[in-house]
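Shared between the two complexes below is chain A, which pairs with chain B and chain C, respectively.
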Partner chain A sequence: MTKTALFIDGVAKVYPHRTNPVRALKGVSFDILDNEFFTLLGPSGCGKTTLLRIIAGFEDITEGHVLLYGDDISSLAPNQRPVNTVFQQYALFPHLTVFENVAFGLRRLNRDADDIKQRTTAMLELIRMAEYGDRKPSELSGGQQQRVALARALAPSPKVLLLDEPLSALDLKLRQAMREELKSIQKQTGITFVFVTHDQEEALAMSDRIAVMSNGEVQQIGSPREIYNNPANHFVANFIGEANILEATATPAAGKKAKLTFNNIDIGTVELPQKLDGETNISVMVRPEHIHLSPASAKTKNAIKGRVKDVSYLGTDTQAHIDLPNQKEILVRMQNNALETNSFDVGDDVHVTFSENAIRLLED
Partner chain B sequence: MPAAKPIQRGVVTDMAVANKKMKWYPGFREITLACFFILYAPLIIVMIYSFNASQSITIWGGFSLQWYEEVFFGIEAEKFKKATINSLIIAIMAAVVSTVIATAAALAMVRGKAFKGKSLTFGLINLPLMVPEIVTAVATLIFFSVIGFDRGVLSILLAHIVFCIPFAYLPISARLQGISSIYEQAGRDLYATPGQTFLLILFPLMVPGILSGFLLAFIISLDDFIITNFVKGAGVETLPTAIFGAVKQGIKPNIMAISTLMLTVSIVLVSISYLISRIGRQN
Partner chain C sequence: MAGMASPKGNKAEASIVDGRLGILLLPSWVVIGILLVIPVLIMFVYSFLTQDFRGGVIWTFTLEAYDQFFIDRGLFGDEPAQLEWTYILIFWRSFLQAFFAMIFCLLIGFPTAYFMATSPPKSRSFLLFLVTIPYWVNLLIRTVSMKFLIRDTGPINEWLMAFGMIDEPIRMINTAFAVQLGLFYSYLPFMVLPIYASIERYNFVLSEAAADLYTGRWTTLFKVLIPTVKPGIIAGCILVFIPSLGAFLAPDLLGGAKNFMIGSLVEEQFKGQAGDWPFGAAVSMILLTIIMIVLLFYARSQTNSAGRGH
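The block that comes next holds the complex of A and B.
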């Protein structure tokens, strides 16, 4: 069994206000495992940063507890908690050199001078900036400042490292390089990372597990694959990647199975959580890349008829919106191939098909 | 229009563009020059005539340093020396004490939690800037008489500390507002106690503001006449009151020499204050 590093136990946070107090967190509970790269993912205002600041000790808790390897740290001051933070704006001390920035936490912990020197040098080597120790933060590029902030937070060997959207200020190329670097540093150091981001691609690429948050609640927790392939609800389906949500009609079949029809076209048979009593409407999700388009002239079984509304060529992919007869539209993403078989034009009549394995059920 | 030159990005260009736009207003240059003339012509004349060889304050009689010699070695030298020492002692002590108080006030106002009457407190801190100085002077004099406080260097010092606080407060609180609280959070996160966070992080970042607050308070104290004149005891003089006393018996060129010396000190200190705050901004 893997140990639990952090246990978030019914944490609620209310910002008081005379007329409308803000409930930033509505009692969330989950655990983060030892040596895990755990991501809190959600749109701005979902409560992810509030939760991170609660773990760091910058915000007090309205209700609930935070347990670090079994110890309740909820009432400790930030300097008493063995966790460190990489801040979004880096927050490197501008009056101190890079070396002194990285050594700051070790000095406060009263480590002996040799130890501080050795550990700080090792950290600067880890981020490949050993020669930059005498520089001031203002003399570094954004990416270098980011790495120093990381080294500074890692130097005291925290039990958990908190990262508050640390890549959001970097440009795209640097951001992608830093993803790799962060992930490999996490593996090298074996420290539990709690990473906050609103960027779903970043979350999918780096995390062992992701907690998707919205409205102060956790919507789903799982590996990137689970969250993308089996989103629990509408919010997760739409927030992670792109999703087509279809209102299908389910008719009872053998056992808990149900036959699904959409626009009176049979789209497949799925297993439901419980047996259906009669005909019901349910929403299902199909990812754009799991949908196949064929010309209207082709003989296709159980195809939904549609007309191409727009086509965007995206290099590796082509993306198209298809108008369906019932005023709805559906998004399709096709990988481009050497034969250019995906060349559809606006106004073309097409057949839309997908395998029943591509259908995902959503809770309301 | 001449062909556009390649544009340098940044502040310099913005200011250059702004300056160019300013010149488009008719009369802008003339009004500016008139303002500068009225402000600085009297000062320049005083500076020039302090080197006058003649007794007259209007007729140029050649270059001489005799008035400076008289300031330092003449009959009145002893009086001015005493007044200068008083002024410097008072200005240094008033600047130190008011800077400490202003720093504490700025920390409470900018970093402290919201408290009842915060905006009232802010108003009270800055009120002395708006109250006519003569009113403060009379009130302070009455206050000292009522409580039976002996008038002398100490009464001047107390009055100076009080009116220097808002002047020291302004640059300090401006600087503090410009320091993101994220640095203090990072300090706390890296195991610094609240006291260490202040000493190791916030205070060093505040130093430029504190220094310019100190210098401003020093100049304001050194320069004060009205309040000092009311609360000083008989026989105690600061430099401004001594100069005023001397001028009452007629303007002699040695006053111009003293004024020029004071002006030089002020210019040097204000320049230092400006340079410090510029270095602070660059960090």
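The block that comes next holds the complex of A and C.
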């Protein structure tokens, strides 16, 4: 069984204020496993950075505990915690060389000189910057500073590495390259990474598990696949990728099953958590890429009729908004293929279909 | 980030701009010339001229002024030449006074600047305003007021005696302490302001990063904050040390005859008809030379450390 690296136990944070104190974290609990790439994902103000700063020790805790491999570290000062942080703006020491920046933590830990030299050199090699040891941070590009910040935080071999939106200041290409690099460094070093980001694509690409946060609460924890395929609620469905939320009518069928209809069109049968008593309205989610469009002229079974509102050609995909007769619009995303079969024009009448396997139930 | 501004590729543009730049720089060259170069040249020339007895100079070249500074030939000038210690001692005392004024200003000024720079932005401008208040009053008047405060029958001594903490007044006026107090009081803002400016620009995430890397508060102060704001500290030290060295108000009014400093020595030479202009000019040139040498060494050490790693 995998060990728990960090146990976040009912952590709450209130920023006091005379008139309206801010509840940044409303008592969150979960665990982060040893050797895991764990991501805290959420929009700004969701409490993810506050939680990271609580783990690092920069913010004191209002309620709850943080346990690091079983030891309560909640009351320790930042310099007493065996965790290190990669800061958003890198925070490299401007007066020290790259080598001294990376060696900084080791020197404070009073490691012996040979050990410091060896470890620092190894870290600079890990980030492929061995020949930059004598440079000052101001002489490096953003991507290089980012890598030095990573090496500096990794050098003392922390039990957990905290990363506070470390890629947000980089341009797109570099950001994508750094994702790969971070992921591979995490595998090589075997250190538990806790990564904070608001970028869902970044989170999906790198993480073993993701905690989706909003409003100071954890909305869902799971692997990228689980979170994308089975979002727990409206918030997660909308925040991770794009989602069409449809209000469908459920009528009881055999056992816990229910037949769903939308606009009086039969869209499939799903299993509910408990047996239905009678006809109910429920929210279901369908991902845009799981929806199929066909011309109105085609004979399609159980199709919802709609009209194309707009079409955007995005290179690999084509995206279209479809107006439905008595409800809002839905979003459809189609992969472009060599035959260009996805050519729909604004105003075309279309048939909208999706498989019953594409339907996801959402908690309210 | 922005540290690597590339001078390459701008060469063609630069040479076109150079011509125009010369004209644009003219006003500043004129100001520097009139206010700096010409006065120093006048002093330089005067220091090699002969003293006129009613003040002023006679245009005859002589090394008399420098001879008077360094060499002692006895009262009537007929004894064997020896090193003259009088002025060297005044210099030494002045350097010590200026050095201690700088150290005290730094010890008090740094925490003050730190407090100001870490206060909420709203109260910062108010605190800055407070620091500038003494400058609304002329330095001479402030120094005279200081004299009244610390004299034997001044309020400090009277209160201390009234509360029975001392039996006799503490002798403060006409001591080195009084000079020190005067210099400290006059130049403290010159230490506070540059340090304040650099701490205000300091990124406190660096202190968090240090704490994250197992560094305690005091080590963070000495290994991260102070090295990062060092330019501000050095600017403050120079701004306090140099005017303290040449100060004459504080030593004259508070120090009495025993605490004569370079500033007073120079002042005497140009005052009234008893003055010796060439000698005053020579003392100034010697002081200027020493300061230039110190600053050159400082500039050298700065460029060396900035150039490391290229």
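As a working rule, the second predicted complex is superposed on the first by the 363 of 364 C-alpha atoms of A that agree within 3 Å, B and C clash if a C-alpha of one lies under 4 Å from a C-alpha of the other, contacts with A are read in each partner's own complex, and residues count from 1 in each chain.
Just so it is clear, a residue touches a chain if its C-beta (ideal position, glycine included) is under 8 Å from a C-beta of that chain, and two chains touch if they have at least 3 such contacts.
Since the model is a prediction, treat every value here as computed from it, not as a measurement.
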Chain B and chain C placed together on chain A: clash or fit? clash
Which partner does A:156 reach: the first (chain B), the second (chain C), both, or neither? both
Q.
If we overlay the two complexes on their shared chain A, which of chain B and chain C does A:309 touch? Say first, second, both or neither.
A. neither
Applying the document's definition of touch, where does A:56 land relative to chain B and chain C: first, second, both, or neither? both
Could you say whether A:79 touches chain B, chain C, both of them, or neither, answering first, second, both or neither? both
**Asked** Which partner does A:139 contact after superposing on A: first (chain B), second (chain C), both, neither?
**Response** second
Comparing chain B and chain C in the superposed model, the one touching more of chain A is C
Report task. Please work out whether A:23 is in contact with chain B alone, chain C alone, both, or neither, and reply first, second, both or neither. Result -> neither
| query | A:97 contacts which: chain B (first), chain C (second), both, neither? | reply | second
Clash list for chain C against chain B, restricted to 1-9, 19-27, 181-189 or 289-297, contains only 181-189
Both chain B and chain C touch chain A at residues 56-58, 77-79, 83-85, 87, 89, 91-95, 104-105, 108-109, 138, 152-153, 156
Chain B residues touching chain A in their complex are 180, 182-183, 185-193, 196, 200-201, 204-205, 282-283
Contacts from chain A onto chain B in the complex sit at residues 56-58, 77-79, 83-85, 87, 89, 91-95, 104-105, 108-109, 138, 152-153, 156
Chain C residues touching chain A in their complex are 1-4, 203, 205-206, 208-216, 219, 224, 227-228, 230, 308-309
Chain C partner, complex, touching residues on chain A are 56-58, 77-80, 83-85, 87, 89, 91-97, 104-105, 108-109, 134-139, 141-142, 145, 152-153, 156
